[in-house]
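Once you scroll down, you'll see the structures, which are given as structure tokens.
Two complexes follow with chain A in common, the first pairing it with chain B and the second with chain C.
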Partner chain A sequence: MSARTIQGQKNLQNINQASKDGIGGSPLRPDGNLKVKGEFAYSSDMWHEDMLWGTALRSPHPRATILSVDISEALKVPGVYAVLTHQDIPGSKYYGLEIQDQPALAIDKVRYHGEAIALVAADHPETARRAVKKIKVEYEVLTPIVTEEQCLDPGTYGYVHEPHEYKSHAYGNICHEQRLVSGLGVTDEVRALADVIVSGDYEVGMQDQAFLGPESGLAVPAEDGGIDLYVATQWLHVDREQMAPVLDLPEEKVRLTLAGVGGAFGGREDISMQIHACLLAQHTGKPVKIVYARDESFYGHVHRHPARMHYEHGATRDGKLVFADCRIVLDGGAYASASPAVVGNAASLGHGPYVIPNVKMHAIALYSNNPSCGAMRGFGAVQAAFGYESQMDKLAAELGLDPVELRQLNTMSEGDYMPTGQQIDSPAPVADLLRRAKEMPLPPPLDTAHLDVRQLPGALSNTSHGEGIVRGVGYSVGIKNVGFSEGFDDYSTARVRLEVIGGEPVAMVHTAMAEVGQGGVTVHAQIARTELGVEQVTIHPANTEVGSAGSTSASRQTYMTGGAVKLAAEAVKRALIEKGRRRYGWTHDDITLAGGKVVSARSGALVSMVDLLGDEAIDLTREHHHRPTVPFDKETGQGFGHVQYTFCANRAVVDVDVELGLVKVVELTAVQDVGKALNPLSVVGQIQGGCTQALGLAVMEEIIVRDGKVRNASFTDYLIPTILDTPPIPVEILELPDPHAPYGLRGVGEAPTVSATPSIVAAIRNATGLALNRIPVRPEHLTTELPG
Partner chain B sequence: MEFLRPATWDEALAAKAEYPTALPIAGGTDVMVEMNFDVHRPSAILDLNRITELTQWSNDGGVVRLGASVPYARIIDELSGPLPGLALAAHTVGSPQIRNRGGVGGNLGAASPAGDSHPALLAAGRDVFVEAASVRGTRLIPIDDFYVGVKRNSLAADELIRAVHIPVADGPQQFSKIGTRNAMVIAVCAFGFALHPKDGTVGTGIGSAAPTPRRAVEAEEYLRGVLAERGLWESGDLLGTEVIQRFGELVKAAASPIDDVRGTADYRRHALAVMARRTLTWTWNDYSKQIRSAA
Partner chain C sequence: MRVTFTANGKPVEADDVWEGESLLYVLRERVGLPGSKNACEQGECGSCTVYLDGVPVCSCLVAAGQVQDREVRTVEGLTDENGELGLVQQAFVDAGAVQCGFCTPGLLVQTDALLDQDAQPSDNDIREALSGNLCRCTGYEKIMDAVRLASARKCAGKGASE
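So, the complex of A and B:
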């Protein structure tokens, strides 16, 4: 299959920047202008001669037995090439990120609203949609198991997966659980040590990643019986690992290339259309493209786990934490997805960046007939942060202390221990982050003499001309792990090639890293420039021809694949210098590469790379493994489970129309330690983006599910912040190197998403005096206690 | 699917008569979304975009005749003076892109209870008319008779909206809308209000809080009575909290909202009362300033 007929692969290949654009510089992203101008080729823009369009029939019921599926009428529709059910799957019928519990197409039952039952390929997308409507499915509709109470009482309400079907250590509709005890745990004796105790029940709604580019890809059958898939995803190799057994192909015959990704945020970590498109391509022998419609996208990917949490904190009169107890119930929905890792994060990070002598924790993820939940930016840590930070404010109020001071009395620093027993062995300037957030100048008060409605809650909706507006300020801090945890070796691979092209030394970086908007390709070029002293760097399209780069998630790509690029570039550098030593007999011990030359610090330029390389290329591949971690003990939660920690502190300033319950975030300050900012502009962008997504969770973003049915599968009613909702986000960056990480860097993308939400809720509480134990905070939560 | 592109109004009427099930498309900001979501599979689409007269308006000093397809962006730029309530409503519609495409004709065609034009049109008075035409002739439908059910209007199958007749404002007008974000949001509920000093009436319009947009009749009557009895139109004196409060209560009572994904019925009632009080206060303050400066 020639790649020339594939359109939409050219986005990220050329980065021609001067070497001032090495690490620490802020060269612009190659995809930036294209995206702003609407010229970027997304996965949904791909086209292939003779291609078919695939689409899926999805269940309208959250729980039902499938009595029969009749595809005969659909097959008769002119233009239809294939209609497939699970019976047509050549290999394994199940897949899954961590636990293979999800059928590629429903088998005899459906477990969530929107589960795929059958596939159609046709010569026109409209034909495919029409044919789907002709598939007749007979259901026996069952009462969905959707609440915590129902899930935990399978004797009465039944099982989402029959116990004999469990493919892991699940039991009784509990997909995964993790307990943790440290110090003396939390007993009545421990409680008695505290002067004050505060407790609360907190709830987090189901957030969606809400990426703008719908799931899409193009599967092209190859002459060798294999398949080439061009797809927008977060991790090419883990897709392939799950796809190959279902397609009954050896992994090397399933070749993936990254297509233009329109946002991810965790929502592309699971399989969506990958297997479906390949099954149809295998069956028809033709290229098959699938692009989800917007509603299908909301059904077709996992969401952030909704959570119900109970927290109890005890402290001494002077504000020192004595104990913390917590139970976190995450609704994982129908299939496991990333639930085990989400539980692990919630349990291990769920007490926040605080030193607490006595801790207890119990976190579980349920199986239910709600939509499946899995990875989303900051998973596990986001939900918990809303709980523990709400508790810190409550405790401060109870003790009559300033909420920032109370936190600072208890924040962890380098050398302290996590409740898991893991020592924090790199900088953890938590108290300092809070201090800096607090010391940033406050925005001016509302200028009531010259009101501009655009600055008020409601903006141009014209609901207030100054009436009812109260300002509030809130603070929060959060902790997130970087990289995969609990013994997982999520290594990254990079290939770096150095050769002379057009009379200039040019480096090429080839990885399987999914560029999903984080700016990884920019950073890879920066690393190659710095390590190799060249100006020209080309980024090879990401594909499975090179080894795994792991997932673009867990704030890990710059650390992991950036680290691999560094290793590979260093190896190339050594090989080049070695070549020079052999040829010229250099004995210098101060040789490096700079400005396209091999240079000695004392003797100056030794030879140009062009002359040294001639027509030979140096082409080396290296793997980067982070330091090993171990699984947490199931009962005590103890273990060196995380690679690295990252912290962010926020201050939110809000104006609330307390009569109407409308909120305008006036300013959202972020202070974060990033170890080393490889690209400061990108770092600020990540932090501002993370804060904005956190703002969405605080005040508007929620998938509304009633009796297992999704009620707002569109951007009409799933609201994400617009520019009028997004305040100025001043960012202060600290660079305290982590000795264990490449360049000392710390993953950036998730920490602000963890920490910013609670600061906004705290600010709304400050303005209203309300308890606000559930997010997103909706207008009616702010007005129910008011006379109207 | 047929795609009909009449060049003139008469051709459009002829086409609509021939294909009564043809779906008219103006800005397409409702039509295209619904087609994407597979709500409609029309046998034919009747594109009105070549008919330039639909994008024109005229003002004879007493009444603005607003072409069905004049986009919101132009209502804001060109008609904020004579139609302040509608212009404020237009400000709240969607995003700049939507305001460049969508217009009042489409809003009336869709007749969604959440359409933002409706409360402003109702508040503009009982002399607002939808000019509907067919090959059979033209009729002026009073705005109060236009909305007949959820997303249903009183157009016949062969009729098209040509224009809307809206009296030029003779007093202050306001429009407020609740949304859970600060832009580009469908109304949780909305309220339009206008003072009509010339005939001593007031106008109200409630959006997104009943199966159709509706007027708060008792609230209008109450306020009309109070303003007349106390000679407030002449004096411009303060209304007093009791009157404002009562007006809010009556607006609230006029709504019959439901709980849905956008908000609860209780919240909608509460918010309507607040918006009613605030818009009354703003318009009355403006009015009394005018009276006092004239005095």
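So, the complex of A and C:
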């Protein structure tokens, strides 16, 4: 076991010498130079001779019947090449990640504010926008179904989707539900076993991924009747799977190439402009580019599910948990997207990284006329963590225990069981993560003699010179699964080619992995160097010419596609050594590859790869499947449902202006077990970025929806943390290998986003004494709420 | 309309420009300089930041006609004549300050402008100067590292030449 602290300037020391490192080093990104030169081609930078610009007409109403659509005036606008409605769709009119319930263009009704109704292609983006305004739609506006009470009473308020409209919708306005019972469940008898019981109602607002690169891409019609799409996405193959039936093309004629991706965070897991651009390209026979403006981006992708949660925890006087009961209601909005899987995560992870003898859980996702919700970093585990960690603090206060100690009395370790009955069969150092977070040095107290307003709540608004500022400290820990769960085989494919180029052995790695900024391409090159003993590695553009790499989500890409690269590279290595054995008759049992040579550990270099390979290339493709999982039982929630678990602990230090309700996060510490840091620089970058999105959810970020209408679809009104809002984020990494995972690694990206939010809220409670049962915490909560 | 201006030291000319087009659109779609980025197009995110007559501006907020006969320098212009990375660009790569990279062009121009004004800014100065540039990936820690590194290298370079 090793632990290391990586923060600040220390990172800079190891960078230059490690430029050609294998795994465990921090070589620089292969796309870094292009990105800083402004030459990296993002999806919105795509350009083609004679290309047209596409845009969509979107519904101003969250729920309405479409009585008529008149496109005639739009078609007359000079420069317009096509105006399409659902009637122009050649194939299936519906698509969806898990349930095909979403029309590619609205058919007779709209179910959310911003739903696409018609498309325009024109020779200038402004011409397209103006033509959209000429499309006349007659609506019969209906009262939207937006609250939990309305959704659960379809007899009174109606259905978002008519009953049995699709096979999977037998539940009315419940999109998916999952129950879970373990131990004795939670009954009056079980409650009687507890000395203290605390309960609470918690609410989480709708968060947006707010990636900076807007949804965009270029569709180019091909001579074979197929289509080539250059697009920013998280999963090329699942896009294609959804697109081909709508375009009425066989999958092999829908060819996708990954264009540069400006961040994703779950928001590119669903289809956005892919089908629309292809429909316009098919119809006009010309290349069509679509680039969302920021407001359209807010309407055009799914968000994090808002949640309402009720938690009840019972414990003995000495702080041991006896039972936990929970109900989580997630608003899935108009279409299913990833809601079923999000519910599965909320139910199975919703009691946190704690050993609890008796558990009950009921998680549901609703259909409503609110914006659709689906994948966002943390995926169902984020909402629950705010609930259970708030409960831990409440319980500690009730028992007069230190909040960290109370947690440590109940944290799970390797060998313990999840409420699903799944045994934790790799390291789970939850108590240790908390201990380390607590032992990190605290930032100095506010120096009132040398105040700099930029460090205070309100910062450059100059709202305080130190008066009314109270400091608070809070802790939290969280759990997240890695990889797709519940029986899903989200395998990855990698192709590795080894050949001599310019007198040097060069490895080429070809996968369909979506590099969205996380640094997967860096890691793939590191793996190839380590396995093949070469320095030169090239990364082939990601496309659908190679098998699926699964999604860049669920903290899974290094585990899954990294694992596939490892398998393919190992196969190439074996083939090369076998070639040498055949040619030279080697009998050594200790042959490996290093420094561009085939070497024997005892006898030294046997032959250079250049000589052994000659003109031949070794080119092999392998699939990597994780160990199988099973679906959770619908009623009991039992089952070996997850591939791997990952944990992060945080400490937040905040200064609160208690008069104005302003919060400055002073420091946000993270301690995480990553199994093995394949690229420590990138790992720390992931953890710091994940913490910052959690900070956003804690105190800033919410899509405001009133009666189904989005009120803040812009970066002027939807605020994400700036560099002034973001504190130093010291990170401590543990490397406790998971024997089931490639190199022992553990997925990194999401755990800090799950765990960090509650630590910030705990710190604000610590400073103010307020209950704060809703996030994001807004100034008015701090100035008008009653003490908790 | 026709717009002529200087971009990264070279005269450029854009024809058939619609009056509502921004400098950002003209750079990206008409004169082959797509490095400046289109994340919000309302002056909130800073990813389109360019120098206009030496002053950093959000190019999405500048009407194309306003740049007639003026000088624009973009992220592409931070690279030297031989295509080598400029000091700030190199520091961002070395420090791991680039993930998806969409915010990077704007941050590079803004950092370049900051270090021109003050080669040794304090952490608070850096945070203030970059507070108009949103980044969603990094949590800003590596960006702070990059600016400190660029500052250190700039000061060391000055010391060596003096």
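One rule holds in what follows: the second predicted complex is superposed on the first by the 752 of 788 C-alpha atoms of A that agree within 3 Å, B and C clash if a C-alpha of one lies under 4 Å from a C-alpha of the other, contacts with A are read in each partner's own complex, and residues count from 1 in each chain.
As a convention for this text, a contact is a pair of C-beta atoms (placed from the backbone, for glycine too) under 8 Å apart; a residue touches a chain by one contact, two chains touch by 3 or more.
Note that the structure is a prediction, hence the values are computed from the model and not measured.
For chain A, the partner that touches more of its residues is C, with chain B and chain C as the two candidates.
Once chain A of one complex is fitted onto chain A of the other, the partner contacts of A:Gly263 are limited to chain C, with no touch recorded for chain B. In the superposition on chain A, no contact is made by A:Phe484 with either chain B or chain C.
Residue contacts after overlaying the shared chain place A:Thr784 against chain B, while chain C stays out of touching range. In the superposed model, A:Tyr559 lies in contact with neither chain B nor chain C.
In the superposition on chain A, contact of A:Leu460 is made with both chain B and chain C. In the superposed model, A:Tyr335 makes contact with neither chain B nor chain C. In the superposition on chain A, contact is made by A:Arg29 with chain C only, not with chain B.
Shared-chain residue A:His124: touches chain C; no touch with chain B.
Legend: residue contacts after superposition of the two complexes on their common chain; A:Phe386 is shown touching neither chain B nor chain C. Comparing the two complexes, residues 293-294, 460, 714, 716, 722-724 of chain A contact chain B in one case and chain C in the other. Interface of chain C with chain A (complex): residues 18, 20-21, 28-29, 33-42, 44-45, 47, 74-76, 78-79, 85, 89-90, 92-96, 98-105, 108, 124, 126-128, 130-145, 148-149. Listing the residues of chain A that touch chain C in their complex gives 7-9, 11-12, 15-16, 26, 28-29, 31-33, 35-42, 44-45, 47, 124, 126, 209-214, 260-265, 291, 293-294, 452, 454-455, 460, 516-519, 681-682, 684-685, 688-693, 714-716, 720, 722-724, 726, 728-729. Residues 129, 293-295, 457-465, 467-468, 659-662, 664, 699-700, 704, 711-712, 714, 716-717, 719, 721-725, 778-780, 783-784, 786, 788 of chain A are the ones that touch chain B when the two sit in their complex. Those residues of chain B that touch chain A in the shared complex are 33, 36-38, 88, 91-92, 95, 174-186, 188, 252, 261-264, 266-267, 269-271, 273-275, 278, 282.
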